[in-house]
Amino acid sequence: MTTMTTMATSAKPLRPAGDVSQLPTVVFGSRSLMWWSTLGFMVVEGWTLALLVVSYLYLRQNYEAWPPLRTPYPSLLIPTINLALMLLSLIPAIASQRAAKRLDKPALKKWLLLFSVIVFAIVVVRWWELWALNTRWDTNAYGSAAWTIVGFHTSLLALDVADTLGLTLFYFVRPMPVKSFSDATDNSFYWYFTVGIWIPVYLIVYVGPRIF
Amino acid sequence: MSADAGLPVELLLSEEAIAREAAALDQTWRDKPGVWGWLTAVDHKTIGKRYIITAFLMFLAGGIEAALMRTQLARPENTLLSADKYNQLFTTHGTTMMFLFAVPIMTAMGLYLVPLMVGARSIAFPRINAFGYWTYVVGVVFLYVSLFANTGPDAGWFAYPPLSTVYSPGHRMDVWAQVVTFTEIAALVAAVNIIVTVFKLRSPGMSLNRIPLFVWAQLVVAFMIIFAMPAVATGSTLMLAEDRAINTHWFNYAEGGDVLLWQHIFWFFGHPEVYIIFLPGLGFITPIIETFARRKVFGYTALVMANVTTAFFAFGLWVHHMFATPIPELGQSLFTAASMLIAIPTGVQIFCWIATLWMGRPTFRVPLLFVMGFFFTFINGGITGVMLASVGFDKQAHDTFFVVAHLHYVLLGGGIMPLFGAFYFWFPKIVGRKLSETLGKWHFWLFLIGVNVTFFPMHILGLEGMPRRVYTYMANTGWGPLNLVATIGGYVIAISVVVFLVNVIKSWVAGELAGPNPWNSSGLEWATSSPPPPYNFTYIPVTTSRHPLWDTSVELPVMTGLRSDRREVLTTTTFDARPDHRHEHPEGSIWPMYLAGTMGVVFIGSIFSPYYVLGGLGLALIGLFMWAWNSIGEHKGPDRVLAPDALAERA
Amino acid sequence: MHSLFDPQSPQARAVAHLWWWMLGVGGTVWLGVVLFAIYAAMHPRGNRASDGLEHVSPETHHRVERVVAGAGFATVLILLAFLIFDFSVGHALAVHPQRGLTIDVVGHQWWWEAQYEDPDPSKMISTANEIHVPTGQMIQFKLRAADVIHSFWAPNLNGKRDLIPGYTSTLWFKADTAGVYRGQCAEFCGLQHAKMAFYIIAEPPVKFAAWMAAASRPQDQPTDSTLLYGQRIFMSSGCAVCHSIAGTEARSTVGPGLTHLKSRNTIAAGTLANTRENLVKWVSNPQNVKPGARMPAYQFTEPQLTALISYLETLK
Amino acid sequence: MAIRGWTLAGACTLALLAAACEREERHLNEPPPKPPTQFVAQVPLQPGPTFINDTSEGPYDDNAYSASEGQVLFEQMNCSGCHSNGGGGMGPALMDDEWSYGSLPQQIFATIAEGRPNGMPSWKHRLNNQQIWQLVSYVRSLSGLTPKGARPNREDHMMVKPSPSQTPQTPQSKAKNSGLPLSSMK
């Protein structure tokens, strides 16, 4: 096995060309590594959802009517309420992001608490929102596609809710380092994605059958 | 080395300063010793090495399966394997080679080498990297335990419904769907890691036009993974698993489902998958040719553009796997055109490499021999690929041994030949010792002969009407002799791999010591010792050209000022790689492994009962919580939020 | 007899033509590039400079640039030629016969059912695994799958077409020469995918018409006592549950129709030659020949088996 | 202690693997399982369970392949003509837990092999024992009497019933009228 020295022995002499000790250690937005990984996650999840929506529309071609005969339209009431809740949740999302960027811990805690309450409510309402599809996943391909799309988005939602609740909890129970402000902004960043991608899904899955 | 061509000695970093810094860094970055340290390791080189070894074990497993199948097909109506066993073996062979060997080993080479090549202390997310590896291990163990429990998947690595749904009783195809899930997660995690490493952790001065071509290939492939893997996730983890487990109707034509939907989704992933495997292979070639031809590569920009265009086209070809299905003729023509177009960027790359050889002075060490082997085999596979793009011809050759020959020429020629070359090339970096040149030559010639003797006859067999995936054939078909030849070739390949293994073991124990830069090569990975220390570089190197070690003829410019008492990495801006901020990296942790275990509970459990899924998710939540809690606890301050106005970029 | 190299229809000939042409050009390209790579490696142009690297003069560099650009351009031209040739072949193959003989083929795990379409449903002829067609006339196949995806492929006559549950696909060709052409399922379809062959028997129209007439004739009731005994076994011990024999009460369509069993060259989807020994072997335990096939083994006594096989042998 | 722990874990793993092996086995070319020993003489002509001693599991109860072959046979033999995909019609429903002639594997074998009054024909001369046992496994899976992993998935048909794999598990004791073993009747 290796008995080599662990010291870096360079092939060449080293010439100092600059000093980085004065660079910041906490940055926000696209300068931070976490922001990029969040973006990567968003692309993966968004793309998966897009493929599901394409499959939904592909299966649409196999039917004369959409929803299929003897399948009722999805209800609109609960989904619309939940959509409103999601839009409402953008207020604490934006506010907490701004507070974090100001390094304003009291304001951040306040907004995170409100944020947590709303996202928790959204997940709870999501349960009835699934049944508002008015069909089951094993009724026909239409039901399978609609349930899978909403179900998959629910898993994204649940992940973000766990993230928000955990972050809020951390802020209330333990001292937090400065770099966690950056995490708080990324939390909001991911939430914009979760809400943003829901709008087309809502339109296609709940409103769409009335149109096409 | 004297400094007569460079700066006065007093302006260089002194030996003592370097040694002091190195000792402090070693203290900070080394993974803990012992079993616990082994389980909690996050060093990208440790994980990368394990990844490479695990994936290579999978190559051996897939190879043994192939040898069994070839033995069965050596003569007509052979009874060595029953249809049932053969079907499990060919499915496991395909699944292993595609999902558990080829993609993981290519990303693993990237996970090991990319941070070194871009001059970074570490990969962007070391813990997530460890999580990806352990997830992959869960998939590996799951598939092979299942195979030995007579539950090996048996409906093909392409799992066409309804054979994979209604007509696959038991849990065999459930195993397949979930093994794919684990490799998806591992591949996606690795892809994000590589992208962020390349975007944010490049050495100062390594602007986009100075990124090494291997890193370009890895970057392009990482993007391909991000857009291809979700397709198979949609298909297998959602649609197929749902159809099997909870009665959905994605593929039930009687309830509005569609079996062709699966083929579209699967090949939308499956075709890019091929490029995900051989683009990194092509990435290995440039540094090998440059080093052994002693010449900078011809047409850097063309090679980068070729990578990018190949990636784009790769997503527009999937229908050429479906020419025999009832889909509109016009669509088929478009896919034919796209399938032929993709030959152009690949051709350009080959011409650039040949030009580099021509204008250099090649010495035929083993890595370069494998590159020559690449030319010999891969071009053959490329040309049959262009043939198969033709609808008329494809309808004859599709699903025959002609396609088997084609795909093995492409993947063994375009992926494995360069991979073996890369093993010989970077083994000294990873292990600190060189592989034996003599055994290497034996390995090369046996492998080259074996590949061609095995797969060339298959072209003819296919055109003589032998379909793929048959466990036997009748004597009156006349396919016996050529099959026997192919089987003999298969054994030659097996012998060559044994020679390679002997070489690895011998050289690992007592090979010639390598030193930091044994081949006098140009990339930053050769600027540090072999094997590299846990922190990769004592000081972050500054890049002033595409070939840092060739152009900075005497000294290597470096950045100072990163803290050595905590795991600090230097991030730079995405496009021109100016120093941006210092990022604190996490210590080793058990939670990545734990979390991978909970993924095992969720996905394997989903086969048996939804309660396992809920329980597994609950356990995962605990893991995530502890992961976050611990990383905050380990944080070493103080933090610095704002940059001073003027940080002179002296690089 | 089962090969792309021996095309026997205009369709297969067009593809074979395309293939030889592509092989010639592709082989030349392969040889050219590989030889050039070896030449380039053996005759390097570089000169070692003081930095330890190889350099070439600007003129040489320029010349190499031109060679690379030329090679790239040649690649484009060759691909364009391939594309045009392929489209023309594809166009020729896509000419759909609007009328003529239509045969419905259904793929089962693991045998082929074929039915000759006729406006009068009672005149439809059903057969299995061996499909007779007249030469010199366009024949259309309508392909459906009964269970999983199969693929219908007789390389001497035309390319393959997948049989997909929920879809009906079509394939057509015109057999030029009389002959027996082997075909096989090309899409993996489960345990016995390897033993799912079929034969296309192309005959001159006169001979084909005679076959049609023979094939539509029901079987006469046997008079011999052994044969009657064999028939009774067929009807009562499970054979008739799956197989049909026109002219008797056996009408099930679960398995291949056996009305003219002895007119076929092979049994078990092209697996065994249709001889008495093979019939005995197959009927006494199909699982020995084709493990997983849907036909079970029955326990017959020696006289029962002899009588049954003798009866089957009369189904000409 | 630790050694015993490992032994136990090893034994459990082996047991698990063995279970998986049987569930996944493709019983192709092998002698079919024997029919129940004594039912032939005991089939009563009036409704009611067949009294038998043998309450053991059916040979294919835990075999996914055989249950699935049973599903194919159920379709090919047109059982649905009367039993309508297990939902009942002219014949009794098969997916509930009501059993006129008993729900034990041997009883169902007897029912299929010998037939029953009011329409159920005898299949013993048309199917061999292996096929009847395959049907037994499938019929029992319809009402959740066989282990879940061995029950067939949905078919490519119109959705008329949940697939056997979705049926909740019915413990043998819950199945009503499941003829008691002869010995306990005395």
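Some points to look at:
Each chain gets a letter, A, B, C and D, in the order it is written, and its residues are counted from 1.
Operating definition for what follows: a contact is a pair of C-beta atoms (placed from the backbone, for glycine too) under 8 Å apart; a residue touches a chain by one contact, two chains touch by 3 or more.
Remember, it's a predicted structure, so these values are computed and weren't measured experimentally.
Taking the mean of all protein Cα atoms as the centre, the chain whose own Cα mean lies nearest is B. Look at the CA centroids: the one farthest from the centroid of subunit A belongs to C.
Between subunit A and subunit B, the centres computed from C-alpha atoms are 29 Å apart.
Centre-to-centre separation between subunit B and subunit C, using Cα means, comes to 38 Å. Per-chain CA centroids place subunit A at a distance of 51 Å from subunit C.
In terms of their C-alpha centroids, the spacing between subunit B and subunit D amounts to 48 Å.
Counting only residues that touch two or more partner chains, subunit A has 138-140. Each of residues 82, 84, 162, 167, 243, 246-247, 249, 252-255, 258 in subunit B touches at least two other chains.
Multi-chain contact residues of subunit D, defined as those touching 2 or more other chains: 26, 28, 154, 156, 159, 162, 166. Taken together, the chains touch in the following pairs: A-B, A-D, B-C, B-D, C-D.
Against subunit D, in their complex, subunit B makes its touches with residues 82, 84, 145-146, 148-151, 162, 165-167, 169-172, 243-247, 249, 251-255, 608.
Touching subunit D in their complex are the following residues of subunit A: 138-140. By the touch criterion given at the top, residues 1-2, 4-27, 30-33, 36-37, 40-41, 43-45, 47-48, 51-52, 55, 58-59, 62-63, 68, 103, 137-145, 147-148, 152, 162, 166, 170, 174, 176-180 of subunit A touch subunit B in their complex. Contact residues of subunit B toward subunit A in the complex are 1, 3, 6-7, 11-13, 18-19, 22-23, 26, 30, 124-125, 128, 188, 191-192, 195-196, 199-200, 204, 226-227, 229-231, 233-234, 238-239, 242-243, 246-250, 252-253, 255-258, 261, 264-265, 268, 431-432, 508-509, 513, 515-517, 526-540, 542, 549, 552, 554-563, 568, 570-571, 573-574, 579-584, 621, 624-625, 628-629, 632, 635, 637, 639-644, 647-651. On the subunit C side of its complex with subunit D, the touching residues are 165, 191, 236-238, 241-242, 254, 285, 287-288, 291-292, 294, 296-299.
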